[in-house]
Every structure is written in C-alpha cells, then in structure tokens.
Amino acid sequence: MFESDKTDHIKLLYWMMLTRAVDDRSVSLAKLGKIPGTIFSQKGHEAISVGAACALSEIDVIAPMHRDLGAYLVRGMTPGRIFSQAMARVTSPSQGRDVNTHGMGDIELGIIGYVSHLPQLMTVALGAAFSFQYRNEPRVALTFTGDGASSEGAFSESLNLAAVLKLPIVFILEDNQYAYSTPSKYQYAITDLVARATAFGLPGVTVAGNNVLDVQTASTEAIDRARRGDGPTLIKANTMRMEGHALHDSAKYVPTDLLNKWREKDPIVNYKSLLYEKELLDEQTEKSLIKQIDKEISAGVLWAEKSPFPDPATLTEGVYA
Amino acid sequence: MFESDKTDHIKLLYWMMLTRAVDDRSVSLAKLGKIPGTIFSQKGHEAISVGAACALSEIDVIAPMHRDLGAYLVRGMTPGRIFSQAMARVTSPSQGRDVNTHGMGDIELGIIGYVSHLPQLMTVALGAAFSFQYRNEPRVALTFTGDGASSEGAFSESLNLAAVLKLPIVFILEDNQYAYSTPSKYQYAITDLVARATAFGLPGVTVAGNNVLDVQTASTEAIDRARRGDGPTLIKANTMRMEGHALHDSAKYVPTDLLNKWREKDPIVNYKSLLYEKELLDEQTEKSLIKQIDKEISAGVLWAEKSPFPDPATLTEGVYA
Amino acid sequence: MPEITFLQAINQALHQEMKADDTVFILGQDIGVLGGAFQATAGLFDEFGRKRVIDTPMCEYAFSGLASGAALMGLRPIVEFQFADFISTGFDPIVQFAATHHYRQKNPLPIVFRAPWGGGSYAGPFHSQCPEAWFAHTAGLKVVIPSNPHDAKGLLISAIRDPNPVIFFEPKFLYRSQRGDVPSDSYTVDLGLADVALAGTDISIITYGAMVPEAIAAAKTLTKSSISCEVIDLRTISPLDRESILATAKKTGKVLILHEARKTAGIGAEIAAIISENAFEYLDAPIKRVTAPDTPVPYSPPLENAYRPNSDNVVHAAKELYYF
Amino acid sequence: MPEITFLQAINQALHQEMKADDTVFILGQDIGVLGGAFQATAGLFDEFGRKRVIDTPMCEYAFSGLASGAALMGLRPIVEFQFADFISTGFDPIVQFAATHHYRQKNPLPIVFRAPWGGGSYAGPFHSQCPEAWFAHTAGLKVVIPSNPHDAKGLLISAIRDPNPVIFFEPKFLYRSQRGDVPSDSYTVDLGLADVALAGTDISIITYGAMVPEAIAAAKTLTKSSISCEVIDLRTISPLDRESILATAKKTGKVLILHEARKTAGIGAEIAAIISENAFEYLDAPIKRVTAPDTPVPYSPPLENAYRPNSDNVVHAAKELYYF
C-alpha cells in the first residue's frame, strides 16, 4: 500500500482536506443565509468518496449520492461550481434548478447527477455500465449508496440485474449506521449488509470506510474486475455520520459514546498521522496544502457569489431536449 | 410423517386431485368459449398450494398468487365460486369484476385476493401479519410468490421488513424454473434463491415442491415458529410449471427433456403410489374420491353457469366503501 | 379557542385519534424518536411507544402495501411519507391494491397516506412536488389537502375514520406560517365538501391548499378595485364537490382556478371541464387557470418564485377576467 | 403499399430502427425468444441476438432506470412493459429521473417506454389500464398513442429518434383487429401533431387510440342524420397539439371529447380546459366528454362493455350536442 509514490498519498490527503473544507465552508455560508436550500454533512465520509473516486480512470463514470462531495471534487468539479449550486446560481451544474448535491452532474466529467429518491441512481448507473458492455468499452460505472437505501427495492433489483447481466459496475455502500434518525437495527435484521451481495450473486467486500487506502485498494480491485468483464462487486464501507443528517438536524438521537468512539477514527486526522509517521508528509507540505485549499475555497466562494441567479424568464426552457 | 392417520393423507390427496380437476375443467370451459379471460395453469403446483394451506389453522390468513388454486380450495372456496369467477359471474368472489384467480379473495375464509402486480401481495400479507402481532393474536399470515417475482424490489423489501418487525409470516417461493418464458438463469445469478432469506435475516428452507408431505412439514414448522413469535421464514419449494404460463402459451421455449424429467415427479401420481405402497389408499377409496370430485366439479360448473352476469347498471357501485 | 399552528393541528389530530382508537397506528421513516422530518408526529412515540409509532426501514413500497393488509384485518394505519415527492416510490401498492380493493372485493380499507406537500421553501425538484392529480385520476382513492389549521385537524380526523384509502397532503409551507383558532377537543370536518372561504359576487376563485391564503390576499386587494371575489377552498380534491363548484360558477359567471401543481391534466383541468360541461350557459368569460407551469419545481429562489403562483398573479388574472 | 396489422407495423418499426441504428436496443420481460406477450418483438431476437434484445428479470424499477443511464451514455433504449398496467411498478425512475433530467442537467435522454395499453378484451382491472394522464401531468415526458398501423409505425420511429423520454402506448385492442396500408420503408410521423382523421363541420370529436375507429364509425352513422363530424386523432397526448384542438373547436363550435381512460383529471379534462380558456367565444354548446367512468376496469363482459365507450355512446352524445 505504501509502494505508490509520495504524491499519490499527498493527493489523497489533499482531496479529503478539500472535501472537508468545502463542507465546512458550505455550512458557514448557510449560517450566513447564503444558501436557500439545505446541505448534507460530509464529515466521516471523506475517505470513502475520495478513495473510491481515486481508483477510477478518467474514462469511467460515477453516480454519487449525497455524501460524496469528495468524488465530485476528484472528478474535476470545482469548489466554485459546488458553492454556486448550493447558492442557486445559474453557473452551477444544474443552472440553479436543483438543490445542493442533487442534480450536480456533469457528463463531461463522468458524473451523473442524482435525484432524491434513494437509491434510484443505482438503477441509472446500471445503464451507464450497460452501455460500456454494449459497446465493448473498457469502462466502469461506480455508484454509491447508503445503509438506509439498501432497504429499498431498487437496491436489490440493481444488485440482481447487475449480476444477471454481469455489468461492469461497482456498488459502494456507505454504512454510516444511520439513515437520518433510524439506526441500523430498525433498518435491517442482519449483522452485516455485505451479505446482500452473495444473495444476488456478486462478490461482497467489507472495508474500513475511514481508511482511505483500504477504500482505494478495494475499489481498485473491484474496478479491475469489472473492467476485465468479470462483473459487479459490492463494497461495504463502514463509517459513521459525524454530524446531523442535514443542516437543521441536531442528531440528538445519536449516542454521544458512539460519536466519541468514531471521532477517534477521523479519516483525515488519522491519515495525516500515518503520513507523518511514514515520513510521507512534513509540516511544510501540510501548510502549503492548507494554503492552496484556502485559496481554492475563497476563489470558489467569490466566483459563486459573483455568479448571477437564473433569469426567471428562463423558467420554462429546457423541459424537453 | 406417516404417523398422522389415514384420513389426513386421503385429505391431502383429495385436495390435490380436486385442484387438478378444477384446473382441467377450467381449461375445457375456456376451450368451449365460456371463459372470457385467461386461466393460469396449475399443473405441477398442486402439492405446494395444498401442502402449505393444510398446515394452517382456521384463524390464519393466506395471500396466494396465481398458481395456488389448491390453497383456495383448502381454505373453503368452492369449485363453483372459482368457476363463476372465471366465467365472470356476479356470484363470484369479485362479483365478476376481477379476472380468474385475481381478486378471488374472501376475508371470511381468510383469503386475501391478489392484484396482478407481482409480488405486491407479499407486502399486503405483511400487514395481515402485522395486525396479528399488534393485537397479540396467535395467528399467522402465509403468502406465496414465484421465482420470477423474487427479482422485484417488493420481494426484497418484504423479506427485510418482515425480519425487522419479526412478523408472524411465512413466505413460500414456488420455484418453477420459469417466469413466463424467462428461465432462471436470466432471472437471477445464484444457484438457489433460498439464499435471499439469509441476506435479509430470516431462516430459509428448501423443500421438494412436488412432495406434499415435505411441503406440509416445512410449512408447519415455519408456521409454528411464526406463531411462537419467532418471526418469518422463507420456504423455497422446487417444482416445474408443466403447462404454458397461461391458456394461450404453448411454452415451446421449455426443453422437452426438462418437462419429461419432471413429468416423472408428478405430485399427485407419486403421492398416490406412495399411499398405495403404504396401504393407506385402496382402489375403492380412490374411486370414491374421483366420484366425489366429479360430482363437486359438475355441481360447481352447473351453479356457475346458472349464475347471472353482473348487471351493467351496477358498474359504478362500490368504488368507495 | 387556542391559536395553534397548522403543524400543531396535525399533531393534535394524530394524538387524539390514537388515544381514542387503539386500532390507529402510524408508520413511516423517522416518525418515532425524531418526531418526523417536520415534527408532525412529535410526542407520539413517547405516548404510544414503538408498537404504535413505527420507524420503518426505507421501503415505501412495502410499508404502503403493509397498510392495506393491516386495514383489511381491522386496523387503521396512517402512513407518513417523508415528503409527498416520495409517494412515487410507494405508488404501485397505492394505485393498484389500495385504490381498487373495495371495488373488487367489497372490504373497507381505512388508510391515511399522509405527506408534507408542495413548494415555497426553495427545496428543489424533489422536495416540493404536488402530485395530487395522479391520485385524483385513480379511481378509489380520496384526496384531501387542507388550507388552514382548523380544517387540517378536522379533515385529518375524518380521513382517519373514513373507511377508504385517503391521500392526505399537508402544505408544508403552511406548517409554521399559518396559525388559527382550533378547538382543543376532537371534531371532524366532512370529506367531500368544499368551503366558501370568502363570499363574493364578481369572480369565483376555486383553489385549495397553500393557494387559499394567496387567493384571500388577492381578493382583499381586489376589493380596492371594487371587484368582489368568492374564494372556494376545495379541501377535498377527490371526489370533487361538484355542487359547490357549479354553484359558485353559476353565481359569478367568471371562474379563476388556482393551484400550485402543474397545469396540464391537473385538478384545474377537471374543474374547468366540469364547469364547461355543466354551467356553460352561466359563464360570462372564458375560464382562467393560474397554476405552476409544466416544468419540474426549480430550486433557485427567482425561479421558484416565478414558478409558484401568488396573490399578484391572481390579482392580475382576476382583473383580466373582470374586464373581459 | 402492403396492408398489415397494427402489431406488424410496430414490429416493422422496431426492426427497421434497430437495423438502421445500432445504438437502439430493446429490453423487457419475455421479449426475446418468446417475442413478447403479444408478439410485438417477434423476430428481433433472431436478428439482433441477446445483446440487443434483452429478456430482463422481473424488475420494472431497475430496468426503467437502466434505460436512463444507457441513454445518458448515447444509446437509445426501448423499454417494453408487458402491459401498460405494469408501468406503475417502474413509475418512480420514469417520473423522477427520466422526466426531469433534461430540465436539470441539459443532457438529452432518448428513451421509448412502450406498452400494450387499454381495454376491450375482457382482461380485467390489471391488464386493461389507460394510465396516460399520470404521464401527461408529469413535465418532461412525451406521451404518444397511435390509432392505426400507419401512424403506429411512423410515430414509433419518431419516438425512437426523439431526444426525450417518450411513453408509447399501443392500443392492444387494435393489434390484430386493425389493418391498414403501411409503406415498407422507414418513415416518420411527427410527434406533437394531431391528425384530422375525418373532416366535418357540425361537431368536433377529439379523441385518440382505440377510440378513433369508434369515432369514425359514429361519424359515419351520424351522416345518416345529416350531422357532419370532424374527427381529430390526437396521436400525441403530451405535449398536446393545442392548435389543432382550438382550430376544430373554433370551426364547429361543438366539441365532444372521447377517451377510453377514466374521466376525472384525464386528458379530456385538459382538452376541455384548453378550449374553455381559449375558444370560449366560439362555443355553441357545452363541451361534452364521453369517457370511461371513475372505476377500475371491470372484467365481466357486460360490465366492461358498459365501461368502455363505443360508437353508440358517441352517436348519442353527438346528437345531444347537435340539438343543443
């Protein structure tokens, strides 16, 4: 795992730090009243979205959900566009028509925007994978979903159809132990959701979702497998949602002990320590990362704030292609 | 298995023979142009619907699908009412409003009528089970579904919700190797659908679906378990659909070898042989069974044919309660 | 009478009916410990426990179907969808099983499918929808959308006691913005009856839900131009109160239909059709519809503000009608 | 031009488009070896193989969503539902993802969702439905329902080439009962344009699908009473051809709307609303709707015969209109 060169590690760290910075800044912007809609907290999920996205090739496609800011960034969506989406500006990926990470797709970047209905995007991702198989292209679709969404019929249908058609797709299940206020024990009656994979005929892998290297390694294997034509894989990444479900959720229903336990496992803090320990990171590099990220964030916010709102006269444009 | 007394065995045989007789007669009626709609073939499924239904108590409830004629009969629906449903008469369980076994429910008999959308009735059956649990009644709901329907999201959602709520319900999956023309290999990518049970946290059992005693034994165990408050069970019963999907399907897509192999396993023929072998059946009893069934069928057809069609003036009645 | 919010009125109805009838239970996502995404079920879990206030897994299909089975066995389920937008995920068992069951099988099926509904809060295309027309077009369902705290409580209690599946949409824009006098005791408001929210003589504004306050505000503005509007609050969307619709159309001869849902094949179309079939000779001007356009609900405030009808639009359209 | 059935016309369109464009593929239940429940896809499997003619598992939700993803990546999926009734099972990804995607993300989404549709064959409540209004009310979808073999082929080819999601309903009652002259070559019939199936002067009958032959039969009968009917075949249900609708209404001043779907909030309501908003002054009589009643589709022949409108009902209603 430490065979890859220094820059890769710094990149992983950078993407995770950038993800958190975008998240943090979004929350401040919301508190300043600059975001009309809501924001989904990303804290705890950075290693999953970044690790998985970093395992993909440029030709691949992702279909993320609402805690995958990192994957958007890795694929090349700028912080400015992300802020502008939250701030409902016309420069955003949805031209101000969709809210927060919803509809934040960009086909040029290989990102399919999602709709709220969970996990509907899994079924859409199947179609991307299908097209690759259909045209004999060595491309892979990777999609994310949640532990809560795994109870929806669309989740099971997707695993089954992917397995039957042997599609080049990777499913990442981000198990953060809660679906909004609902803990796992009221969501499902098994000990590990990875069992779902076997029941539909695809391999299932469990990884430490707060360990970006583990996520990346497992993703790489699954992606390679898919690219080879060996079909889909389900990766279950264990983590914990460290904030409320969305902006206005105080998440009082989460036991403090549980949060404290997982606070120890912060994906960024721990990865940083590891890099220091392995002498792959020094203070100066860290400082310059922070500086660069600050700059990007500020520039992004500035750009987004300068972006105009959509013109109401455009309201009915583009219902049809 | 042979500890139960003679009459029980004769009863099981009687119900299976009656099921086949109703099925056969329905086909003839259809050929005579007396059935406006279609008919789903039952051949091969008699042991499952009869064996499972015979394991229930009177207080229990069934939610059958389209190959469970036997279960309707066991619960007390008369052949006459079944014919009258097919013949679209006002005396039928749906008063001529629904077709063949669709909407052939009768709450007094503990039968919930189904809608076409497979396996929607599984979700309805959950509700019956829920009500028993809610009121602390020692009752059980039993529902049937098919191998094809197991790919629908509703199937997975039902297993999951039943397991999470620990509902007193038994799911019987009639695996007849085809969903209309689609063989298992294009339906799912695992070797045995019973694996689905484990993945959702309920016990799964596989039985020989052409052996009525096996079906009854497995059902009894699952029903007892549910009644004890220990939650749901999935029973997968292996069988083969011996005719076309419905009246007008010649089923050319089914390999002759496969049919020949399963013809050897006819649930009624084999059970009869077994009873002869164990000296639990003699020729005279068999003859009287045949005679009785003939009488019931003829009486049923007569009654149905004499039954009036619904009055068009009633068309808009009863949309609301 | 104490003044309470629309949300409190809903909450009160749930409390009182669950207390009065132990066959009533409620299920949905995050309705227990959390009290629901909007706190509509706050306190129910503490009072009635997990047995009667059930946090389900995410499975709109299965829990909508479950409601039918439980209702068949004599219970009175209330299903909460977290947003009306998610009712499309549980659509199948509602429109196929629940809607058709009584017609085919003659068993009553008392279910309430509740959901926070409609726009106005910049929540984007998937947290703002108004899908009532899908259900109004489906035979066998009742559809109710209240416009004020008093009706919200009374209609919800009626819906719970009704022997049919009822889709009960709650304009979430009104949850905290609308307060009103609400009797503390239990009472019902009949399903199927529209309300004359404001009597008038020149123009009929037929509307429902969160557009009722907009219509009333417009009517007040219009009195300054000496235009007298009658505001009809439908309350029940299906089956429609044809008598009230025709009565007001015949009275004023000028009809403005107002709703937050999209125009094409919306409830407004049905109202226009009913009037043009049955009160044609009474009309002094073309019927006018003021509705959202045929687009998804856009997020950005300038877009949603243009999308969602408001009292200004109503004033403008009413003047056109008046001076026709 | 060879005379072929409606079903053969559909089959031809599929064959020719798949041959002409290798991004076109088709998926659904039992469409491969079996050729579909109605044989609409007969021969496709032999010609194009499993790669392009895919027998799916039973999972309307997943395969409807899959179509969107494939379309996003440049393919042109055709999805077959075994019956229109089962589109409610795949409803969510159609109305949420496919319908809204272009508005939100600007990518074209060329998909055809096909299904045998409508009643008339005593197939009961779940094999006879006409759910077009659900989709007409959903912004971002096109809805097409042809009435004859010629249009069926040309409209289906247009639908496949259209960059938007198109719901394409095929009146299965016409599959084998309707024959007509159909060019063997590929051709298109434009979406969005109604057809004057019969020109006339006294009464406009606006209709679509399997009711078009009923309307024409009625019009023929009515000529005996010297009543001249214009029959408008809408062909595309969404977006509606407002110009043609208004033109005929203005021409005759007497409008009869005819459809097989239920009345309330159906397409007929929208047409009535459009006319009463925009051609009010031209009307000489109230608008009339002849539709199925607001009930599930009953099975028993006497009931379904009473449920489903026919030419006798049209003649009766047209006379009422004429002598108004």
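Chains here go by letter, A, B, C and D, matching the order in which they are written, and residues are numbered from 1 within each.
To be clear about the criterion, contacts are C-beta pairs under 8 Å (C-beta built on N, C-alpha and C of every residue); 3 or more make two chains touch, one makes a residue touch a chain.
Quick caveat: nothing in here was measured; it's all calculated off a predicted structure.
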What are the chains that chain C and chain D both touch? A, B
For chain B and chain D, the touch-path distance in steps comes out at 1
Report back the single chain whose CA centre is most distant from the CA centre of chain C. B
Roughly how far is chain B from chain C, centre to centre by C-alpha average, rounded to an integer in Å? 41
For chain A versus chain C, what separation do you get between their C-alpha means, in angstrom? 36
Counting in whole Å, what is the centre-to-centre distance of chain A and chain B, each centre being its mean C-alpha position? 46
Shared-contact residues (touching 2 or more other chains) in chain D: 56-57, 59, 61-62, 85, 88-89, 92, 96, 100, 103-104, 125-126, 139-140, 294-296, 298
Residues of chain A whose C-beta touches two or more other chains: 94, 97-98, 103, 115-117, 151-154, 157, 160-161, 164, 186-188, 319
Line, ring, star, complete or other: which one describes how these chains touch? complete
Chain D-touching residues of chain C, taken from the complex the two chains share: 85, 88-89, 91-92, 95-96, 99-100, 103-104, 125-126, 133-134, 136-137, 139-140, 238-240, 261-262, 264-270, 272-273, 275-278, 280-281, 283, 285-289, 294-296, 298
Contact footprint of chain A on chain B as seen in their complex: 151-157, 160-161, 163-164, 166, 186-190, 195-196, 198-202
If you look only at chain B, which of its residues touch chain C in the complex? 61, 63, 93-95, 97-98, 103, 105, 107, 112-113, 115-117, 120-132, 134, 141, 153-154, 157-158, 160-161, 164-165, 318-321
Interface residues, chain C side, partner chain B - complex: 25, 51-52, 54, 56-57, 59, 61-75, 77, 92-93, 96-97, 100-109, 139-140, 142, 163-164, 239
Quick one: in the complex, what on chain C touches chain A? 29-30, 32-34, 37, 55-62, 83, 85-86, 88-89, 122-127, 293-296, 298-303, 305-307
